[in-house]
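You will see chain A twice below: alongside chain B first, and alongside chain C after that.
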Partner chain A sequence: MNNRPRKLTLSEWDSRYSQLQREGLSEPSYGGPLRRHLIEQKDFRLEQLRFDNSPAALRLWNFLLTENDRLRQARANGDKIVGTMKDLGTVPVMAYSLPRVRAFYPDGAWWTPCLMECSDKLLQQAEAMGIDASFCPVRAMLPAFQNGEHFPRPDLLVCSAGAVCDDFSAIAQRLERLGHSILWWEMPRRRPPAAGEISCPLPGHLAAPRIQVDAVQAELRRVSRALGELAGKSLDDARLSEGIRAANQVRRLLDALRKTVYCARAAPLPALEMLVAEMLAIHFCSDRQESLAVLDGLLAEAQARVRRDEGVVGPEAVRVFWVNPVADLRAMNLLEDLGGRLCGSDFMITHALDLIPEETPPLQALACAALSDPMVGPTIERAARIARECQAGRAEAVVISRIPGASHCAREGEIIRSCLRQQIGLPAIELEIPPLSDAMLPAIGSRLQALIETAKSRRTT
Partner chain B sequence: MICAGIDAGSRAIKSVLFDTDSSQILASALADQGVEQERLARELFEELLSGARLHRAQISSVVATGYGRNTVGFADTTVTEITCQARGVHRLAPDARTIIEIGGQDSKVISLEEGGRVRDFAMNDRCAAGSGRFLEALASRLNMSWEDLAELGRHSKKPAMISNTCVVFAETEIIGLLAQGAPLADVVAGVQNAIATRVSALAGRFVSPPVYFTGGVALQPGMASALEEVLSCPVRVVSRPQFTGALGAALSATQSDGWH
Partner chain C sequence: MRVFLTTPWIPAEWIRAHQLDPCALWCAETFPCHPSPLGAGVCLFAEWVVRFAEAQPDAALIFASACDQLRRGFDTATLHGRHRAFLFNLPATQTPAAKQIYRSELERLGRCLCELGGRAPTPESLRCEMLKAAKARRRLLDAAPSSPARAYAGALAQFHRDGVFSAPPAVAPGNQVPLAIVGGPFCAPHWPLLDVIENAGGRVVLNATETGERSLFSANEPDSAGGNPFDALADASFNAIADAFQRPNTPLYSWLKPRLLARNVRGLVLWHFTGCDLWRAEAPTLRELTGLPVLLLEAGEGPGVSQRQVNRVEAFLETLK
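And then the complex of A and B:
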C-alpha cells in the first residue's frame, strides 16, 4: 500500500484500516476503524471530511472521539470528574495534579452538533431552554448537561467569569439555575501595568500589573482548595509543581509538532489534524498521559515525512496563518484543496501552548498563564502576537474565521486585519463558518481561493 | 493570439474576446443568467464567436470567473472575481488603488498596489443589503425596470432614511414610506444610500484614492454619488462596468501579464 502522505475519505480509511491491520497495526484500547464513530455515535460529519492516512492520525481521531467513553470509565472506576468551563488550560492543569481526578471541558460540547450534523438536536434544545442562535454554539453544552448523553455529570463544576465571554457567562448562569452548582472564579481584564505599578511578565511576551496576578492567584487558591477537598488530598505546591511539569511536557511536544509541521517545506500533516492536535492542550482530552503518546506519534510521523521531504500538499502551497477554530471542520480540508497550507495558527488557545513558568511559585505561575489568555486582554495584543508568528512562519496570507454567535470581541477581526496590514502587509480575510456550512461552502471556497490567488500574485515581485 | 473571458455572475453572464496582438477587446456580449448556467454561458460564447466571425479553435484559452465559474465546463481554467476585477479595472484605469464592485449578489472592495496587484480585499456575500439585489427588490416592489429606477433616483430632493440593514425587513420599511406618501425618487435614493453605507462599512480602512466603481450596479447613476458621499472621496465609474470581470478573465487567459 502507498504510505505516502495523503488525505483519505472515510471510505478510503476503511480499506486503509484493513490493510494496516493485516500489516500488524498496534492500537490502544480505544482504537478501531474511524467509521465506528459514525455508526455508534452518529458523527455524520466524518463522512464529509478527509483525514490524514497515517496510523498516528488514526490514533488522534480515535482519542478525540472516545472522550465520552473515557469519562464514563473514569466514573465507573471511582475517579473524580471536574468540569472546567470557560477555561482553556489553567484549572485542568490543577485538576490533573491530583491523583484520580479527571478534568474535562464541557464547553467542548459545541463540537457535538457540528460532528453529528445537528442530529443530536442540542442546538434546538438549547433554544427551547431560552438560549437561541444569537448565542455562541457553546450553548449546546446546556442540554448536554441535562440529557447526560454526551458526558457524565461532573463531581465539581468550575467556571471562570469576568473578562471572559458574556455569552458563556449567561449560559453558565442558566446552567446553575438548573441545579448544577458552579464554583466561580474571577478573571480580571488584563491591562498593561500603569506607571509606578509592579509589572509581572506573562507568557507570550505579555505583562500585567502585579495586583492582577495576585488577584487571580487568590482566586485559583480557592479553586485549589475545592479540588483538594474533592480529591481528599491537599493540592500543595509540590503536587502543583509536578502537575505543571507534566502539562509542560504536553506543551513542549505540541510546540515541537507545530514547529515541525508549520516550518516544513511541504506540510507533513494536514491543517485539520493540526487543529485537533492543538486542542489537546486545553484539557488533554481527559487523559494527560495518553495525550503525550498521541502527540509523540504525530510528531514522529511528521518528522519522518519531513526527512523524506513528503507532504500532504506540495511546497508550492500558499502559507496561510489561521486565526480562531472553525465550526465546520471541512473548512480546514478546503484550505489544502484550494492550494493552501497551514504555517501557523491561533486557535484562541495560544496561552495553553505557552510553557507555564516552572521557576516561580506554582499558583503564581498558573495565574500568570491564565492572565495570558488572548481573550482576556486587548485584541491589539493578540494581533501583535499573530503578526510575530506570521513572520516566524513566513505566512503569505491570513484567514480569520468566525463562528456565528461567537463574538468575543465584535471588532476583533477588523482589528487583527488592520494590525497585520500595517505591520507586515499581509492580505487577510474574515470568514464566517457556521456549524453546518453546506450552503455557504461555495462562497467560503471562493474567498479562500481569492486569498490564495492574491498571495500567489504577490510572489512575483 | 485571441483569448476569452467568461464572467458567470448571479444576474448576468458576460463574455469578452481579447486580442493580445493588438491589445484590444475584439468583442463582448451579455446575457441574463438563469438555471441552466452551462448552456447559457455556452450559447453566449458561441454567439460572441459568431459575431466576431471566429471559431472556437481560434481561441487560445478561455478563463471563467464569477460565482458560477465552476459551471462553465468549456473553460480551460477558473480564476476568482477578485483577481479578474483587479486585472480588468487595472487595464482600463491603471491609476486605480481601490475598486468597489457591486454586483447582483455581492459586493467587494479591492485594494490595489501600484502595478495593479491585489494588496487586500473584502467581500460581502452573506447579506443582500450591500448588493444590487436590494435595488432589484425595490424595482420589483415598485413594478419598475432597473433603468427607470435609476432615472427616478436622480430626481430625489431628500433621500429617505432606510434604517434596516436587512433587505427583507427593509422592504417593510419601504412599504411604510410609500404608505406615508414619501416621493418615489426619495425612496430610491434612500435605498442607494443604504447600499453605499453597507459598502463603506465593508471598505473600512481600505479606501485609498483613486477609487473606481465597477459591476452592474455602477450603471445606476445615483450610486457613484452615494458612494462619494459616504466615502468622502471622488468615485469614478469604470467604462462598461459590467464587463471588467470578463475582461480580467480574458487577460488572465492571455497569461501575458506576468501574474500567473
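And then the complex of A and C:
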C-alpha cells in the first residue's frame, strides 16, 4: 500500500487500518479503527471527511472522538470533572495542576451537530429551550447538559463573563437557570494602558494596565479556591507553577508543529488535522499527558515528511491564513480540494498557544495569559497579530470564517479585513460556515475558488 | 462640550460635575440617524450608535462594554478615525473585583473628561450634582405608577438629556390590561408602540427597558454631612445595575419582580433589537420567573410601529382580556 502522505476517506481508512495492524501498529487504550465512531457514536460526518493517512493522525482522531468516554471513565475512577466555559485555555491549566481533576470545555459540544450530522437533534432541542438559530451553534451545549448523553455532568462549572461572546454568555445564563450552578468570573475588556498607568506585558506582544491584571488575578484566585475545595487540596503556587510548566510543554510542541507545517514548502499535514491539533491546547482534550504523546507523534510525522519533501498538498497550493474555527469540519477539506492550504491560523485560541510566563508569580502569569485572549481585546489588536502571522507564514490570502449567529462575527470580519488591507494588502474574504455546510458548498466553494484564483493571479513568478 | 452616553449605567452627574454636558445618546435629537442597510447579525442599536459617532465627529462619545455589539461598535468607530471616544468597562459580575473595575473606570473616565476640557470636581461640586440628580430621579420614580406611559417616556428622556425632572400628567386608573415593557433601549421613534398598546386595550404601567424606569438607579441621596461623595457615587451606581448582561442576571429579576407585583402587571412585552442575543435569551426566563405571558417585539429598522407589531400586540392583549 502507498505510504506517501495523502488524504483518505473513511472507507479507505478501513483498509489502511488493517494494513497498519498487520504491520504491528501499537495503539493507546482509546485506539481502534475510525469507523467505530460512526457505528457507536453516530458520528456520520466522518463519512464526508478526508483524513490524513498517518498513524499519528489516527491517534489524533481517536483521541478527539473518545473524549466523552474517557471523561466518563475518569469519573468512574474517582476523578473530579470541571466544566470550564468560554475562557478557552486558562482555567484548565489551573484544574490540571491538581491531582485527580480533569477539565473540559462543554463549549466543544458546538461540533456535535456537525459530527453527528444533526442526528442528535441538539440544535432543535436548544430551540425548544428558547435558544433558536439566531444564536451560535454552541447552543448545542444546552440540551447536551440536560440530556447527559454526551459529556458527563461536571462536578464544578466555571464560566468567564464580561468581555465574552453575547451568545455564549446568554446560553450559559440559561444553563444556570436550568439548575446548573456556575461560578462566574469577570473578564474585563482588555485595553491598552493609558499614559501614567503601570503597563504589564502580556503574551502575544500585548499589554494591559496593571489594574486589569490585578482584577483578573483576584478573580482567578476565587476560581483557584473553588478548584482546591473540589479537589480537597489547596491549589498553591508550587502546584500552579508545575501546572504552567506542563501546559507550556504542550504549547511548545504545538508551536513546533505549527511552524513545521505552516512554513513547509508543501503542507506535510492537512488543514483539518491542524485545526484539531490546535484545539488540544485549550484543555488537552481531557488528558494532558496523552495530548503530549499525540502532538509528539504528529510533529515527528510532519518533520519526517518535510525531510522527504512530501506533502498532502503540493507546493503550488495557495497559502491561506484562516481566521475563526469552522462549524463544519468539512470546510477545511474543501480549502485543499480547491487548491489552498493552511499557512497560519487564528482559531480564536491564540492565547492558548502562547507560552505562559514562568518567571512571574503563577496566578499573575495566568491572569496575563487570560487577558491576552484575542476575543477580549480590541479587534485591531487581533488583526495586528493576524497580519504579523500572515507575513511570517507568507500568506497569499486570508479567509475569515463566520460562525452563524455569533455576536462577534457581526463586525469583526469587516474590521480585520480593513486592517489587513491597510497593513499587508492581502486579499481576504468572509465565509459563513454552518454546522452542516453541504447545501452551501457550491456557494462557499465558488467564493473560496475566487479567492484562490485572485491570490494566484497576484503571484509574480 | 456635549458628552453622549450609550448606557444609563454610567452616572451622568459624574460628567456634569466635570462641567461638561452629558446627554444619553438615545435622547439626542439626531438619534437615530437615517436607517441604513444592516449587516448580517449586526445589532440595530449598535449600528445606530456607530453611525451617530460618524455623524457627530466633534462630540465625545462614551461607549459601554456591556455587550459584544457595542464593544465591537467602538472598535469600528475608532477604526474609522473617531476621536473623543471612550469605552467604559462595565463589569458583568457583582464581585469585589468587578466593583473595583467599575470604580477605576469612573476614575479613568474622569481623567478623560479633564482631557476633553472638563475640570476635576471638588467633593462639594460632585455632591451638589449628585443631590440634584438624586432628587430628579426620586421625583421620576414617584411619578412612575401614576403617569401615562408615553408622557413618562418623555419625562425620562428629558432627565437623561438635560438632567431635570418635568412632571408628566397623572392618569386616572382605567380598566386597561396592565403590561410591563422589558428589554433594551426604547428610543423615541419607538414610542408610538405605547399608543398602539393603549389603542388595543392595554397600558404600560412599568417601563423596565434600559432607558425606562430601570435606568433610574438608586435614588439614595448622598450624605450631605460628610463622607467621600465619589465613593457614594461609585457604590450606588454599581450596585444599582440591573440588566440582562449581568452574570448571574439575578439583579434584573430582583428589580423586576416586586414592581411587577406591586403594579399588578398581567403581561410582559420583551422589547429587543435585531441581533441582541442577551435580551432574546431572557424570554424563557422571564416567563418562568414571573409566571406571566411574554410577547417578543423586535425593533424595526425604521421609526414607528410596523403592521406586524400592531397585529402581535393586538393578539397578545386579546388573550389577556
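In the analysis below, the second predicted complex is superposed on the first by the 459 of 461 C-alpha atoms of A that agree within 3 Å, B and C clash if a C-alpha of one lies under 4 Å from a C-alpha of the other, contacts with A are read in each partner's own complex, and residues count from 1 in each chain.
Heads up, the rule we're going with is that contacts are C-beta pairs under 8 Å (C-beta built on N, C-alpha and C of every residue); 3 or more make two chains touch, one makes a residue touch a chain.
Keep in mind that this is a model prediction, so the values were computed, not measured.
Participant: If chain A is used to align the two complexes, do chain B and chain C fit next to each other or clash?
Facilitator: When both complexes are placed onto chain A, chain B and chain C end up side by side without any clash.
Participant: Between chain C and chain B, which one touches more residues of chain A when both complexes sit on the common chain A?
Facilitator: Greater contact footprint in residues on chain A: C.
Participant: In the overlaid three-chain picture, which partner chain does A:Arg458 touch, first (chain B) or second (chain C), both, or neither?
Facilitator: first
Participant: What is the contact status of A:Ile198 with respect to chain B (first) and chain C (second): first, second, both, or neither?
Facilitator: After superposing on A, A:Ile198 lies clear of both chain B and chain C.
Participant: Just checking: does A:Ile380 make contact with chain B only, chain C only, both, or neither of them? Give me first, second, both or neither.
Facilitator: second
Participant: In the overlaid three-chain picture, which partner chain does A:Phe135 touch, first (chain B) or second (chain C), both, or neither?
Facilitator: So A:Phe135 only meets chain C here.
Participant: Is A:Ala443 touching anything from chain B or chain C once the two structures are fitted on A? First, second, both or neither.
Facilitator: first
Participant: What is the contact status of A:Ala428 with respect to chain B (first) and chain C (second): first, second, both, or neither?
Facilitator: A:Ala428: touches chain B, not chain C.
Participant: With the two structures laid over each other on chain A, which partner does A:Cys165 touch: chain B (first), chain C (second), both, or neither?
Facilitator: After superposition on chain A, A:Cys165 lies in contact with chain C alone.
Participant: Mind working out whether A:Ser418 is in touch with chain B, chain C, both or neither, as first, second, both or neither?
Facilitator: A:Ser418 sits against chain B and chain C alike.
Participant: After the superposition, pull out the minimum Cα separation from chain B to chain C in whole angstrom, please.
Facilitator: Here the least C-alpha separation of chain B and chain C stands at 6 Å.
Participant: Please write out, lowest number first, the residues of chain A touched by both chain B and chain C across the two complexes.
Facilitator: Chain A residues touching both partners: 414, 418, 432.
Participant: In the complex, go through chain B and note every residue touching chain A.
Facilitator: Against chain A, the touching part of chain B is residues 67, 70, 79-83, 117-123, 125-126, 204-205, 258-259.
Participant: What residues of chain A sit close enough to touch chain B in their complex?
Facilitator: Residue positions touching the partner: 414, 417-418, 421, 425, 427-430, 432, 440, 442-443, 446-447, 449-450, 453-454, 457-458, 460.
Participant: Taking the complex as given, what residues does chain C use to touch chain A?
Facilitator: Touch residues, chain C against chain A: 39-43, 65, 67-69, 71-73, 75-76, 78-79, 87, 89, 91-93, 95-98, 100-101, 104, 108, 111, 245, 247-249, 275-278, 280-285, 288.
Participant: What residues of chain A sit close enough to touch chain C in their complex?
Facilitator: Its residues touching chain C are 129-131, 134-135, 159, 161-167, 169-174, 176-177, 182, 184-186, 188-189, 191, 194, 211-212, 215-216, 218-219, 222, 378-380, 402, 405-412, 414-415, 418-419, 432.
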